[in-house]
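Some structures to go through are shown next.
Paired with chain B in one complex and with chain C in the other, chain A is shared by the two complexes that follow.
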Partner chain A sequence: MATQSVVGTKNRAGQVVTDAWKMMHEAERTPCFFTGSEVIKEAIRRANCDVMIAYPITPQSEAAALIGELFAEGFIGDYFRGESEFAVMSQCAGAAFGGARVFTTTAGPGTMRAMENFPMWAGARLPIQMIVTCRGINSPLSIQPDTLEISYLLNTGMLVWHAETAQDFYDWILKGYMVSEEPDVHLPLALCCDGFFVTHTKDVVNLTPADMCLPPYDPYRSPVPCMDMECPPVRMMRDPFVMKSNYISYATHASWQQEVWAAVERSRKHAIRWLDGLIEVDKPDADILIVSSGTAVSQGREAQALLEEDGIEVGIVKIKVLRPWPGDEIREATKHAKHIIVPEFNVTGWLAKEIRATIPNADRVYAGPHVCGGMTMPPEVIAADIKKHLGIKSESLAGRGS
Partner chain B sequence: MSTMYEVLPGPEHFLPPAAASMGIRLPDPGQAHIHGKIVNEDEAMEAAARQFLSAKVPTIFPGPLVLWAWNEKAAKKATAIRHLYETIKESVTPSQQAMLIPMPDYRPKYPKINPEIEINPNHPNLTIWHNKIDACMFVGVHCHQANLSLKIIRGGTYCYTIAMCAQAGHEDAMVSFRDATADKIMRLADWVKKLKGSVEPPKD
Partner chain C sequence: MSKERIKIAAEMFEIMPSEYQDLVDRATYGKEGRGWKDIGTSKELIEEHSLCAGCPESMAFRYILASLPAPEDTVMVGSTGCTSLVFPHVGVHNIHSLFGNQNAIASGLKRALSVRFPGQVKDVVVLAGDGATVDIGLDMTLQAWFRQEKFTTICFDNELYANTGGQESGLMQKGFVAKMAPVGKTFEKVKLPEIARESGCHYVVNCTVSKPNLVEKVIKNAIHVAREIGPTYLQLYTPCILEIGKNSMEGLQEMRDSEKPTERFAYKEYVSDEAKELLTELAAKEKERKAAAKKQLAEKQLAGKA
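Right after this comes the complex of A and B.
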């Protein structure tokens, strides 16, 4: 049952099961010009997935449909459309309880509709991978990029990673299974990206060979019994401790919750190894740091270049992993910074709040600029906000040539 | 995350924290931990053997992964666990009582389990209290349920906990091994035998 024992054999699609570390770090890469949605398909082609369950919602619909093609080609064991996002996530749980490697995608209101399932997945220790192609969630309807939905996922007990680029996306889908399926972790992963900016734009992505795939999921390493109908977590409602009202029941449930968050913590060392750190830092000694996640980091890099032309040195901290929260890394990376700028694609500035709660002298944090509802974040706006924060006058960007 | 936290016998708190949340990290292959500090495996073997020999009621709690012969490895481990138990029994003084109490499954049982004959991960403290167990080892218990138990035991009892884990180990135990095999369990029995007579038995 050890996964290593199957390395070198072929899977149902005729791909060679390959040691995951070798596949991701040593195998030859081929550059391809793909949209983010196509990249999701290519990662799943190599992920040795048993089940993918789909439901249409923009901007993930294309990826979900493309994975249907993979099913037709024999790369996935089963593939079907659920009745709603709630149904999809429940069906994902059923498949994972049964010992399958499960993949799904969702976005915006779909994430919110399915929300009840996510703490259930985590509590049941199901290592399902869910791509979240973030978009607006509120009325009036918006299908455009907006990262507010990530903030709702942060306390579900899921691992939450935020990809910046299509390359991140490709690598992290595959690496994500390796981290989330570790027996000491064994939790669901919400792999988020900024919808459209990543899913619908084309980029050069270096792919691993298509005839290689990850080792299959080994349910016998699960920290809970697989599909045991008599015991929690599968037996959830028929007289387990959760339905009793006494001290022992409460204490057991409390201990269970703590264990889920302990598992989130344990993922730290695995994520550090596979992702080469939870954060990435460029010019840590700069007085001014842009700290962000997702495509706000890309815009930050452009702003960094603009400011450099004006002789202002700016560093960048890219947060790759949001759960577990890289508190130590952020404290270390920002220890010399006098000004910490946190650009975000959402209205509440949840990332700035997390950073403020993490570092000493939190008044160094400038929460902004914020855009939302699908607005782009021009690097000129970030640069202007930084200058304004520093007391340097810059031209207004909002007017028409004024 | 550096930590001052130590995984020590309780009773620790109304609701003790998960050791992982306090910065305790699991050992890498070839390592073990004692009270949350990473050590080499032999050091942990000696520490576990000393606990068995100095406890009034040294107890092994085998779980479902070794109680049923669902594969060859499980059957071998079960034999090794029986050997460890017999070794402890032969190595302690008449005033000490070695016990072997199974955790056959994880079903919540109401109104309560019979602590004479079993332990349950949802209220392991009942078995510990009833039998006055002061040192125990979990083996063959699924990791999630083992951690539930270990934390509840640390919270409400003074029992010293040891985990012989087949996967990555347990921060919530006071001593934890990882990648457990039948050979590793036999090595622990050898340590008990080696230290027999050199460890002061418990005072009444």
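Right after this comes the complex of A and C.
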């Protein structure tokens, strides 16, 4: 198709359109020391995006503004600031209906304000990519990291991935388009990270060459017609189903919802290929496993090192993809574990609930520790909770009253 | 879109639905000077609708679709309401997504089409009810105008929420007793045409759809101005005969009564200087085209006689 025939040509910014697999896996990488926001910009520089729509909300404002610089430099077809997240997500939908590769970013209350759009995006099969730099959504006002908003995205029909590091972020933004634009998927992607921890800290990230970019989006490789009047205006249906109370109407709506979730499932094989699996496992034979996603995994690794000093072996399961849910992988990875610890940056422990619903002998799952409202998660807290769970006495931690 | 795109391979022609055969043979895609007079003699871009019998919205839909200057390159954006029952029958691409976000959808759509088809005509036309335009979607209606987005916004003003059963809306008249306004609406009809003018619209008209030639004129003007200059707004009275206690045959009279000089739908227009210039230019061209066509016809007739 068109994606192959354009390889080797130049895009609007003079970058060479490169086979995506080669670009991501074979092209030379250059290390740089950037903030997460700068990394988002660098990924989008190479993503051959048509339209980006921005709105300020901490902690994604910097990334959204940096992409404006890319527009000024000619890397993006169009860019503007919308009036609210609800409007922005609708503007993104309009651009995607019109056949554009679309990118946007949001966070916390913005995600919640825009929520009505997300099942619409999925139902309309719009492969928009949205970065979610998670932050608190509750009142009183908080701008600090908190992953509660991810739980609201899980049942929208969007693909939901949770990046741990800036390197994940860089690679997954580019790979994300390749997965979500597959004709048998063609769904929006919420690429989540923990705000501030990833967006505002600097890290070494290996970048692909700046003169290479992804193949352009081909809107005609789609399960639904592109709304550009370049294909016949099919009459969708004899009667609109919206108001009908009859079996055919119900069946039509039901089958389309089922199809959206079947498309989420079909993304599995593509995500496995591009991300090298939906989960990543370190020491699966350990009796104790820390299973988590996002930066809670990084803190888990630190706790793993602390416990190793005490002679306690702990394994790590990093969940990269939340939708589609890697149920089989998690069952396999945890089959030997006696204790499963799920640290999370939110108050409700939604990830632990998902894991409990997935594995046999769910009483092995210890939901916690939970930190929220912007609190950090010191590895000592994870280590202490694990010891407590094992019945090992540990030194008291300041301020915990234990 | 080239009309070639909708042509049917000769071998397949017979098995296609008759509506599609009609669309290929008798639609007015690409016809210069198309307008409401094509109704009845060519294939319309609207199939049978599912509105109430005698609903003035159905007249408005037919006139508007017959008047689009370039339907083969027009994408329409709707919203939830009675209009969303009609759009699935319409022969141009159209988008329904949510309730009230139509001008946001159209903003993204128009920009995407401009990126993908630079220098080509791709008209975007929003058509939504007054609840969508003025109440739930007012923010996005106005913001699209502030940003000078180049598309036309048409509001079917029936002065209430018709599809949900006749509740109060911002464009309802003061004092009208309706659902959710049990003692009568307590505030004035929102003056959106005036707000549109102040918000940067270059062509604004407030009228009814009682006269098809007038609808044709304002639709063409609004779309041409939006294509070349910036946002345009049409507020068209399409009374909900059901909710104001009228019969199927009474919609036209209701519109005629409401467009009298002292009434709320007396013809009102605002045209920016830029738009005036453009419309004068277009009118001159149209005059030339008609004169040339007339001359050609006369010559043809003369040649026939000879």
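Here is the rule we use: the second predicted complex is superposed on the first by the 384 of 402 C-alpha atoms of A that agree within 3 Å, B and C clash if a C-alpha of one lies under 4 Å from a C-alpha of the other, contacts with A are read in each partner's own complex, and residues count from 1 in each chain.
The working rule: a contact is a pair of C-beta atoms (placed from the backbone, for glycine too) under 8 Å apart; a residue touches a chain by one contact, two chains touch by 3 or more.
Please read these numbers as outputs of a predicted model, since none were measured by experiment.
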Contacts of A:Arg125 with chain B and chain C, given as first, second, both or neither: first
First (chain B), second (chain C), both or neither touched by A:Gly77: second
Which of chain B and chain C A:Pro232 touches, first, second, both or neither: both
Which superposed partner A:Asp363 touches (first chain B, second chain C, both, neither): neither
Which superposed partner A:Val51 touches (first chain B, second chain C, both, neither): second
Touching partner for A:Ile248 - first (chain B), second (chain C), both, neither: first
Residues on chain A lying within both footprints (that of chain B and that of chain C): 225, 228, 230-232, 235, 239-240
Of all residues in chain B, those that touch chain A in their complex: 1, 15, 17-21, 25-26, 64, 71, 105-108, 110, 122-123, 142-145, 147-148, 151-152, 155, 167-169, 171-172
Residue ranges of chain C in contact with chain A within the complex: 1, 5-6, 19, 47, 50, 72-75, 77, 84-85, 87-95, 97-98, 101, 104-117, 122, 139-140, 143, 147
Of chain A, residues touching chain B in the complex: 1, 125, 182-184, 186, 221-225, 228, 230-232, 235, 239-241, 244, 248-249, 251-252, 254-256, 258-259, 261-263, 265-266, 269, 327-328
Chain A residues within the chain C interface of the complex: 50-51, 53, 77-78, 80, 82-84, 86-88, 90-100, 102, 116-117, 120, 124, 225, 227-233, 235-237, 239-240, 242-243
